Structure formats: C-alpha cells, structure tokens
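Structures incoming, each one as structure tokens.
There are two complexes below, and they share chain A, which is joined by chain B in the first and by chain C in the second.
Coming up: the complex of A and B.
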C-alpha cells in the first residue's frame, strides 16, 4: 500500500503545479528508493525528454550560483521557462546542511518565476545520482524548457549525474593557481562549454588563454568547445554564453546517441537501486543471530563463513 | 511495506526548515546563530537572506517543500508581517507547513500569534535546545499532514 496519493501528485506535476512538483521532488529525492518514488517516475516518464538539461560544475566559490541567477534571468527574458536544482553538501557528522544558493538567485526567482530547489546530498554518494536525476525527470515532465543542475565538482566528479546533462558547463575563474591542474582532474574531457567567470579580476585573460591552449592540444569532436569569459554581476559575455547553449542544444538534438546514452544510464541507476535493496534484505536474512553465534564459537574467519553461506545459497538456487 | 508496519515515507529524513526575516529588519545575528544551531542539530537549513517579502517567503517554502518556516523580527512589525505570511499560506490552502516565530515579541502578542498558528515566539536569551525541541515537534506535525 502506498502512503501517499501518487496519482494526484503525478497529475499535478504534469499540470505544472508548483506544490505538486515540490512534493514529488521531496518523494524522489530520498536516497532510499520508496515504492512512492517508483510510482511517480512510472507516472511521469512518458512526459520526459523534452527539456534541455544544463549541468554546471566547478570548484566551490567560483560563482556558480550567481552565474545561474544571471543565466536563468536571461533565459526567462528570452521566453524560456527555467528550473534550477542545486546540490549542496551535508555534514557527514550531523547530517545537517546549510543550503545557501538561493540567496544569490533571489531576483530571478521572485521576478522571473524561475523554479528552484535545493538538494542536500545527505552524506550519501550511493543513491544520490538516482535521486537527483529523478528530480530532473519531475521537472522535465512539469514542462520546463531548461533545467539547470548545479554541483560542486572539485576535481574527480563526486556527482556523476552531471554527465547526464545535455550540455555540460565547466566554470573556472582567474587566480585559482594552476588552472590546467584544476581542469585535468577528470572534468576536462566532459565539458561542452568552458566559462571563465569573474572576468573583472586580474589574470582573467591569462586564464582564458590557458584553457584555449589546452583545448588546442586535445582531440575534439564535431562540437568545437567554446571558452567564454563572463562577469555574472554585469552580464558581460552572457549573450555569447546563451547563444552557445542554444547552438549546443540544436547540435545535441540531432544526435540520437545522447538519448541512448541517457536511457542506458537511467536503466543502470534504477537497476542498481533495485538490486541493492534486494541484496540488503538478503544480507539481513543471511546474517542472522544463530549463524553468527555458531561461526563465532567455532572461530570461523569471516571469509570462510561468507564463502560457505554463498555456496549454500547458490546450491539451493540451482536445486530450485 | 517490506520493512515493518509503522513506516512513514518521510521518517528518518532531516527536517527541512526555512529561516526568514521578512520586512525591513537587518538584525540578523540571532537568525544566523539559529541557522548554525539547526544545521548542527541535523536539519537542512535554508536562509532566505535579508529583506524578503512575505510572498517570497511563502513561495520559497512551497517550492522547497519545507516542514517549518521560522520567522524572526526585532523591529516590532511581527503583528503585521508574520500575519501576512500566515495569511498567504491560508490563501494557498497550505496546512502542511508549520510556522514558528521569534524576536522581540511582547507577551500580549504571543497569544495572538498562536491563534494564527505561529508558535514558539521565543525572545532573546532562549536556550537553543528549547527552540530546537519546539521546531522538531512542529516539523513532526507538518510531516503527518504531508502524508494525507
């Protein structure tokens, strides 16, 4: 039995009602997959796939939130509807978090009707990708033209869901030290657009040149990765930024591989979660008190014990 | 549900709380102390910044699907501004978000705020644990209603 009226939520999401969208995200954002989550995604899935998903990543303090404020404002002014998902860290000690990105986007939120939702990562890496992507699907089904995911990517991506985005923007700023070092560590190959933010700062043109030079030495596909300098307070560089986003949208729209890659990833996430739940309950069943006491009293080491449990399990399976 | 009978969908999840100082009031020391205290108590804390309008507070609360809105004012405008927040919630038919208050609120006003559903109304010097306990209780009430 479901604890929540998911039919009502699904129809609310499809009608674009803010309250239903918000409640649906509350349900699917939980890293523990619930039957309600499944029900909601099943209900909306056929209405997804229309939005253009932007993944914006970069080191902390680089100006991503301010950038998204400006970007969502300008996209709205051009007649697009925009939703923002900002992922922030939870404390591994208390589980608490301060979700502060909103403050930097307040103007675009209140004046331009941009929908924004903050998600805390809840100290979990497993299950997080699924819950963030499920939230994207909710927003997609609700009919937003652009969905912007903001994540902190401090090197080796801790949140690979950003790779599911149609357009991946990597943001850097001058004065970070060795620019290329920052780019090399895993996010280089994935960017569709490079932004050097805070162009009013000293050293900004050197940072631009550094990245351009780096790109000149890398093998590029059909899409030529642009490097754009921006100032998120004045809006400098944003016309070009937005026109590149639009042209990348047209570029990926023609590419059926994007769709296929995404579906493969969605299936993988769903399967991982389903199997993890099965495995967890199976482990709870197998690691029962009697078995443990027996093994401990006979001083069986954990590997031998695990092997014999697994052997019993596999032989009983083949006997069926 | 596989894992027992009394399982609630939102059980065990961090409380989500929106802190706001609607109206013209820049005294934010108290609310910033509370933001940290709530975070350290394991809550997911949103701070609306200075000078949001009551409409913005309600809109943010709805979009973020928070459990509790915590309002703070030290400028004496609580009877006008807190009431506006409560009114907007009522207007939108929202009953599954609890509202608590705090600041410099004279005793005679407290009962009037309670009648509007705004509870707590703690003044300066209140122990943090008292506030956290109250918020936790009000969040549980909101969650019950979210399940309907």
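Coming up: the complex of A and C.
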C-alpha cells in the first residue's frame, strides 16, 4: 500500500515535472474515483483552461498514430508544447496488442519534447470519459499548449470522449467502407476538420469528394469545416492541417461553449459518483439491518423499494 | 408513437401469452429504463421467484448455441418448460452476424415449445445487466420452469450478468487457449458446473483433466463442482448434465442467497437509476438558472460543486 502525498503531486504537476504528471494521471485514470483523485483535481483546477484540446478520431488501420506522431512533432517544432493521450478501445480478447508500437512512438516523440501517455480503456463507458477528462486537466495544469486525444471512434464511449474536445478531427482514408462506418457511428456530424490520410493510395481523391459532398448536404455553422488530404509519411498537407487547427483554436477562443459543455459533463459525472457512493453506503446499511430480506419477503419489487429508500434519503438531514 | 397498455401486457405475461411476453421484453430490455418498464416489473413482481435461472457462458466458437439447443430440447422433453435468452456481446463493428443462425435455431426449438429470445447488447454495461434481469423476471412471471441465459463470458458486463444466475455453467472445449482465456476472465471461479463440449475432438480428455486439476487447487464449498464431457451432436453426456442441473436446483433451493444477491443488485440498479434522473433534472434546473456558468466563472472545481449541490439536494424537503 502506497501512501500518496497529493500536495506534492499537485505542486509537481504545476511545475511541469514529468514524474508528477505521470503519477497524477495514474491516480485520476482509475475508473473508481478515489479521494486522492478528487484532491488532485481540486488542487489543479484553478490552473486549467489554457490548453487547446484536439480530439482525433477515426476507424482503426488508417494511420492515426503515425499522423499524431507527425502532427505533434511539427507542432512542437513550431514552438508549441504537446501532450498525447492515446485511448485504447481494446476488446477483452485482444487487449493491448499495439503496446510495442506505442513504446516505439513514445521514444521517438520524447526527443521532440512531446509527452505521450496511453490510457487503458477498462470497459466502463462513463468511467472512461471521466478518466480521460481528468487526465486532460492534469496535462492542462502542467502547462501543455496542445493536448491531443486519440480514439478509434467506435461506440458511444469514444464518442463521449471526443465530443468534449475543443477541436474534433475526423480521420478517414481511401475506401468507401470506412466512410460508411464513420457516418453510421455518428462521428461525421461532429467534426471540425476532416482529414483524408494516405493520399498516395488509390481512391484518395474520390474519398475527398465524398466527404465534400456529404458536407454540402449538411447544415453548417459559422465555422467552415475544411477537408484536407494528408500523407503522414511525406508530410504532405500538414502545413494546411496545422494552420486550420490554429485558426479553429482562435475561432473557438471567441466563445466558451465547449468549456461550458465540458464543465457541465464533469459536474454530472461528479454528481453521479457522489450519488453512487451514497447508494453503496445506504445498501450496506440496509444489508446490516436485514432490511433487504424484509423487502424481499414482503415481496416489494425493487423499483418500489428504491423509491421509498430514496425518499427517506432525501428527506433526512445530511448533517454528516 | 405507440401507446402501451401495460396492464394488458402484465396480464398477458401472467397468462403466458407469447405476444405479451415478447412485448414486455421489448419494453424492459431498453437500457434507458422507461416508466412503462417500471410498471411492468411492479405488475409482475409478485409472480416471480419460481423459475430456475441457468447462466451458460464460455468463449465464442465452442458450440454454446448448439449445446443450449440440445439442452433445452431435452429439458422440455422431460416435461419442463424452457425459455432461452441469448445475450449478444457483439462489438459495434461486427453487430449481429449470427442472426441467421439464431433464426434457424429459434424455428427448430419452437417445435418443442422452447421460447427463444435474443437481447441486443447496446454497449451499456450496467444497462445490459438490468435489461437481462428484468427480462428474466418477465419469463419467470410467465411461468417458465427453466430460464437459460447465454453469454460469451467476455468482459465485466457478461460477468455481471451471469454472476446472478442460480446455476452457472462454464463451457469449454478442447484446446488450451480457451481455458487460459477463461481463467483470466474470472469465469472459472464462479462455475457450479463445468462442461467440456466437443468430446469427439482431439485433446478433450486433457481438457477434462486440466479443469479437474484447476478445481483440486480451488477452495470448494458444500456443492461439489462436477466436470462433464459432452457432445452436443450425439447427446453424449447430456443425461448426466441434466441430472446435475436438477440436483443443483435442489441444492440451491435450500438457501436463498442467490435470490437475495439478485434482489440487492436490482435494488442498487433501481436506486442508481432514480438518482440519475434526479441528477438530470437538477442539472437542467442549474442550466436554466445559469448556475453552472457562475460556478465555472468562480473557478469552482466540479467535485466541490457536486458536493455542495448534493448537500442542497439532500437537505431540501422532497415534498414532490
């Protein structure tokens, strides 16, 4: 059992120390929200809100990791500090097969001062989101200019994560299958920037046209969503890619809607977590008093029982 | 928009009418718990508690569906009424590839009076469990003697589901890979009966011995966990399989621990759901009053904000 000095971790994070950042993320990424996790967030919260968060999503196998490598390298060469959070959407059967790749990338990126961290998706949809956003707060408080979140964009959990980013980049590659998958999964509607990666491949211009056509039929806001072709091996398209990211950062700087949405979401998760803890202790109390046996033997259905328990809980004084 | 007559559905379920059962399950399987869903559960609850619930789990590709087909056919030939709930743990990318198989099986089993139903796993771990157990209550109230739940036993969501069954059957097949997978996923520890299926395959006796060895090193309770080899095409081993299920039913009939555990779990889910609804309406209220903007601009971190909101919520009178 390790005793954590959260004050020490907080001051280390604020000073930008790598070891404290790593330790803080290890604490807050645990899906079971711990008291230490709350202490860290409370300690750093006043120092967040400066980083620009990029959510990069797209189906597996289209070169997202290589793209994020190139992107973060170029951003850091332009004088921005960059952190990357990779979110594994690994199934229980395949778990962590890309670890080798991640380690290689990590080594090559650290030469450019890019901080890279892989978060384990432990199969808890709400928990994942909270892990990611609390980790983003740590990196934000540590002073990074850009925080890049990488997800595979499959399923609601990933959508929840990427939805709260300041700039959402959807990456596709030549080949109709991916595009259809992306449209079905709902990520097409939320993109601020589209990238067609692997522009050297056959069908890349068709893919670009497909997306432009899709956008032509969509309702557009004040921000004109760009579609950019890139080649992550040669760097083709990256100057435009980066300039669009910067202009979207300036654009979103004007209003605080994303930050408000994120705050509301974090508040909701925090409330749900508090409630869960109250419920757990209430159920433990009922177990101790054999009250659950009584409900069961009087054949009270769980929903009616829950209603009356909650009524008691809400009308009682919360003096503790 | 369809208006549901839940009283009509409840009385139909209690009369064992197939159409009402199907409709009731469609209502309660929705991961977003509806008022109709509560009404149905409240209406049927007093008629539950008679069925014996079998949870059958094991890795994909070992013939679980064929086994369940043979098992339910033989149980119904012995005079027991049987319902099967198949829980798809399909990923968002593969969704429902076995539908054709399911339909064929359904047709052949309905000749024996076996009721079969496939539940969609919509990627909500807590939601899945509640869907399954509320569906089990419907089938229980409809008067089935045995309710068989089929899961692939991968990940926490499946474990949650199967954990609450009266009798837990873990199915394995020759070949070490599966066994290791099963041990890693935690399903080995919770089995009441082990089946090695596909006994005609090479390595089947080694698989039997492996499991017996595993059990020799495990702490055993009053129930001696049997390991049975079966062949689902010839019916080999099924007489013993069924007699062990019946004796485990008699064994568990003696104490009500499983049912108490299930009640506690359902109560917890119902409480969490009630709480979530309260939180949602509270957050809507805060949004309307711009209270969230105020918290954000005064830089109150979400956890501190949640604590004070909850304190207000709990100390206020719940007169509504």
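By definition in this document, the second predicted complex is superposed on the first by the 250 of 320 C-alpha atoms of A that agree within 3 Å, B and C clash if a C-alpha of one lies under 4 Å from a C-alpha of the other, contacts with A are read in each partner's own complex, and residues count from 1 in each chain.
Criterion: a residue touches a chain if its C-beta (ideal position, glycine included) is under 8 Å from a C-beta of that chain, and two chains touch if they have at least 3 such contacts.
Keep in mind the model is a prediction, meaning the values are calculated, not measured.
Contacts of A:116 after superposition: chain B is touched, whereas chain C is not reached. When chain A is checked against chain B and against chain C, the one touching more of its residues turns out to be C.
By the touch criterion stated above, A:27 is placed in contact with chain B alone, chain C being left untouched. In the superposed model, A:276 lies in contact with chain C only, and not with chain B.
When the shared chain is aligned, chain B comes close enough to touch A:4, but chain C does not. By the touch criterion defined above, A:35 lies against chain B but remains apart from chain C after alignment on the C-alpha atoms of chain A. Of the residues of chain A, those at positions 91 touch chain B in one of the two structures and chain C in the other. Chain C contributes residues 38, 41-42, 45-46, 91-93, 123-125, 154-157, 181, 185, 256, 259-260, 263-264, 266-276, 278-280, 282-283, 287, 292-293, 295-296, 299, 301-307, 309-311, 313-318 to its touches with chain A in the complex. For chain A in complex with chain B, the residues that touch the partner chain are 1, 3-4, 18-19, 21-23, 25-27, 30, 34-36, 90-91, 94-100, 102-103, 106, 109-110, 115-118, 120, 122, 281. Against chain A, in their complex, chain B makes its touches with residues 1-2, 7-10, 13-14, 35-36, 38-49, 52-53, 55-56, 59-60, 62-65, 92, 94, 146-147.
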